[in-house]
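Naming follows writing order (A, B and C), and every chain is counted from residue 1.
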């Protein structure tokens, strides 16, 4: 069924497959090493003869990580931030994407261009004004100061990507719904929303990642209330440039990476097709 | 996108790609398959479904295609096409329109609508003539009501959020860049003074700024080129291997993609750690420090950036290749074209829209790299040798309290990216892309 | 070109909207409130081997909470390297600022200028223990005759060396800077797994004694008009002496150029160096390391035999933030954290040299290891320019950048010191 594959000669294909496997190993190696180091006992991590396996896996590094500070709490904080961002941006983007794909109104093209341009804005450059904005809004030191900007920053891309999904729902369906006497709101939430849901999930990956990974905002906005800290900040506590606690860093990294991985694996099908849609539009 | 569906009746879609039903792990096919199983029509999202449309519809499209599809780059006409029969030529021509980028299916309709003044004869062609006529300016939006205030109601939350947290801060950023704004002003110890272009003058007069700008551009270019090269090469490789290696490579790539920037940075640092890292051990480099030299530090960061960003390119381009009708490639290879030749003369031109998007996306991402540089070179490297604009702006603002100067750097960065965006928009337009 | 026309229109609209109105400032006035209950936030520095410090602080806090019903003290240890950003952020947003914080004495002028610290002249005068405060330490909390905190400890650096290594190689304790360098190279040559004298490109206060010993100055001047002296011939000699220690024959640049003070101490404590320049406050970390019982401390030698290189009179203070809403409680907590009792406990726990002359003498009698530090102190110390610009020069890494540029061969001493002097003068000029 793969046209390319059918005609590839055998030795060539074997070579291709061998190199694919080899590359897969290389690409996966950093992750493997991360997990491995997280499970290595203390003495083995900082050894001048690093081994690609361990005979005595231990949870010491994890215990250390969760014992130090309130790592569990930071984990929940991160989850809360990412969760709020995902839900809020998905809902807002869904409405906006519906507006720009299923209605015709003045400034529509202009708005679309704005959404596109908004994706280009270097978030980091806005840290300065956002800091003052959050201060004036009394949001510094709260998770709100992380949630709000991330909603804003993930919206343009989410809208852009969702457009394809909303467009894909045939207009006939909409017409039929109205003929059946459905209100606009009913169509929106009970017909369109479920149909676009897969796309929403794919879109969410990006907002989830941007919120989950955030390092700069957490560093700049969470000033003194450590109970509001998030994972990337906690991770860097173990990473002291002078004397990094590699075991702790790797264990914390593992803990931080796993939710994203799980999320990715769950939505990867939607993601790939969604990307196809977003990218081609 | 809705257009594709309008033409590709559900029957079409089902008839097209059954491949998705195979049990192997293949995101693209799976995407197509599961989407196909969804409610009628919503499946056009899946690339597989789109490909099917092209294939199933080739007959119909072939007749319709030549005029609108003549737009794609000249390279898209494979040199050997004549030999492979008229059907394949048609498919090759039709694909960019109907298969790879369905936007251009829609484009002719809009053009037909009169907005670009194309010969009117082209609009009333084939199936298109049977459709509800698109109103001018709607450019592919629903032919439904114009909606009055409803779209604005739907847009309101997005506009409020974007206005408050994106537009307003940008405005503030610009404003601060014109002021003498250091710690004393922020805490209210001294009045803010309007400096005009003072901060910019200071910035442009500072050799370090130019050095950082140059480093940023070169570094971003290197990242983009490497990411694209690796991503495209692996996408092609993916199409040539069986399920198991493909599964392995896909999973590995997804893993790299999913890794947060902070953890990615620390893990790569650890891999290349002079004392405890496995890489130096494997390469027999002793305790060579990778972060000491300027180039080697940049190289290390580049490796990490490419590692975590090539999967996006690979998956997207792979999805694009899968959408290219098999006949085209078959024909090309029957003619004995080499892989490189096929890529250059057949795939690349067809995938051009996708390539443009991933290139622009990569430029934007790589130009803005912050976390990797900040973490891996410990805030900009020895004597600031590894600073890029983003980190430089952050250091100026938050470490040295030169908020005005930092904002000016931010504005410069914003303008550069805006220029890239404009190029992007022009490219989109040239391709007759609709928005 | 319809798109670009629209886009141009938008930009014009945005430009129109951008009417000139100045960005806001925070009204960082002192809080009127003086609550007697609630939570007090305290920021202290995270030291190498912080646990003993935490223990002492915890007992102070426990006593304080017991004495004041309904109060809770929330202590956070912040990393020293990035303290500037945290502190600035706190000044920018009084709502999230701590009530009490530890700060380096080099930051006093800058913090006061930023309007962050509370004037405690009166309270300090009323405090019974204050009269025994060492005048130098007192000076370090004073700006324009007003006091902005209580001295916490005195930090002064001296030379740590490995007695076992010196004995094995038959080396004698260096008496001049030249001897120091040659001893370092001998150690490295004989034991390539060790750094001779571990130095750091970002270790400003380890490097400055070399400049001072050669007669150089960071800056000269008084009050508002400082001028950088880092590009004087004497200072250059010192920079050269320090940077020549980076090399494969002592401390390879690839490793050492990026190190800061804490890194060098960690390396020494881990037994990876023959010598290090460390402070009294590093004592605990070294004791807790592999080299326990195998090292000794002497004052860092100067240029001439028998002289002592002028050390940097470092140290930290405890201050109350202007924005506190618990003024009385915060001042009291400050006094308890900086009290004689706490200081002598901290000395035992961390090796922090007390700021009270009587307490210092008392501990010096008990603990011989303090001697070289006290000797260094009495031989004369130097301080950074008492200008608010210093905080900016410090946080924008002017001096570390200069050292690193020389070490990595990007610039020669002349050029690097010239550039650094320019940056410093610009800062002095703008910050007054």
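The rule we apply is simple: contacts are C-beta pairs under 8 Å (C-beta built on N, C-alpha and C of every residue); 3 or more make two chains touch, one makes a residue touch a chain.
Note that this is a predicted model, so its numbers are computed, not measured.
Among the remaining chains, C is positioned farthest from chain B, on the basis of C-alpha centroids. A summary of chain positions shows that the Cα centroid lying nearest the centre of all protein Cα atoms is that of chain A.
We define each chain's centre as the mean of its Cα atoms; on that basis chain B and chain C are separated by 47 Å.
Distance between chain centres (mean CA atoms), chain A to chain B: 16 Å. Averaged Cα coordinates give chain A a centre that lies 39 Å from the centre of chain C.
Residues of chain C in contact with at least two other chains: 3, 7, 23, 26, 85, 92, 258.
Counting only residues that touch two or more partner chains, chain B has 171-172, 176, 186, 378, 398, 425, 435.
For chain A, residues touching at least two other chains, in rising order: 109, 113, 132, 220, 241.
Of all residues in chain A, those touching chain C in their complex are 109-110, 113-114, 131-132, 135-136, 138, 140-141, 219-220, 223-226, 240-243. Put simply, chain A touches chain B in their complex at residues 1-8, 12-13, 16-17, 19-21, 23-25, 27-31, 33-34, 37, 45-50, 52, 91-93, 95-96, 98-105, 108-109, 111-113, 116-130, 132-133, 148-149, 151-153, 155-156, 159, 164-165, 167-175, 184, 195-196, 198-199, 209, 212-213, 215-216, 220, 232, 235-236, 239, 241, 244, 246, 249-250, 252-253, 256-257, 260-261, 263-265, 268-277, 279-281. Interface of chain B with chain C (complex): residues 171-172, 174-176, 179, 181-189, 192, 194, 274, 287-289, 291-293, 378, 382-385, 395-396, 398-401, 422, 425-426, 429, 435. Of all the residues in chain C, the ones that touch chain B in their complex are 3-4, 7, 14, 17-18, 20-23, 25-29, 84-85, 88, 91-92, 110, 113-116, 201, 253-255, 257-258, 388, 392, 395-397, 400-401, 404-405, 407-408, 410, 430-431. Across the interface of their complex, chain A is touched by residues 2-3, 6-7, 9-10, 23-24, 26, 41, 43, 76, 79, 81, 85-86, 89-90, 92-93, 95-98, 258-260, 262-263, 266 of chain C.
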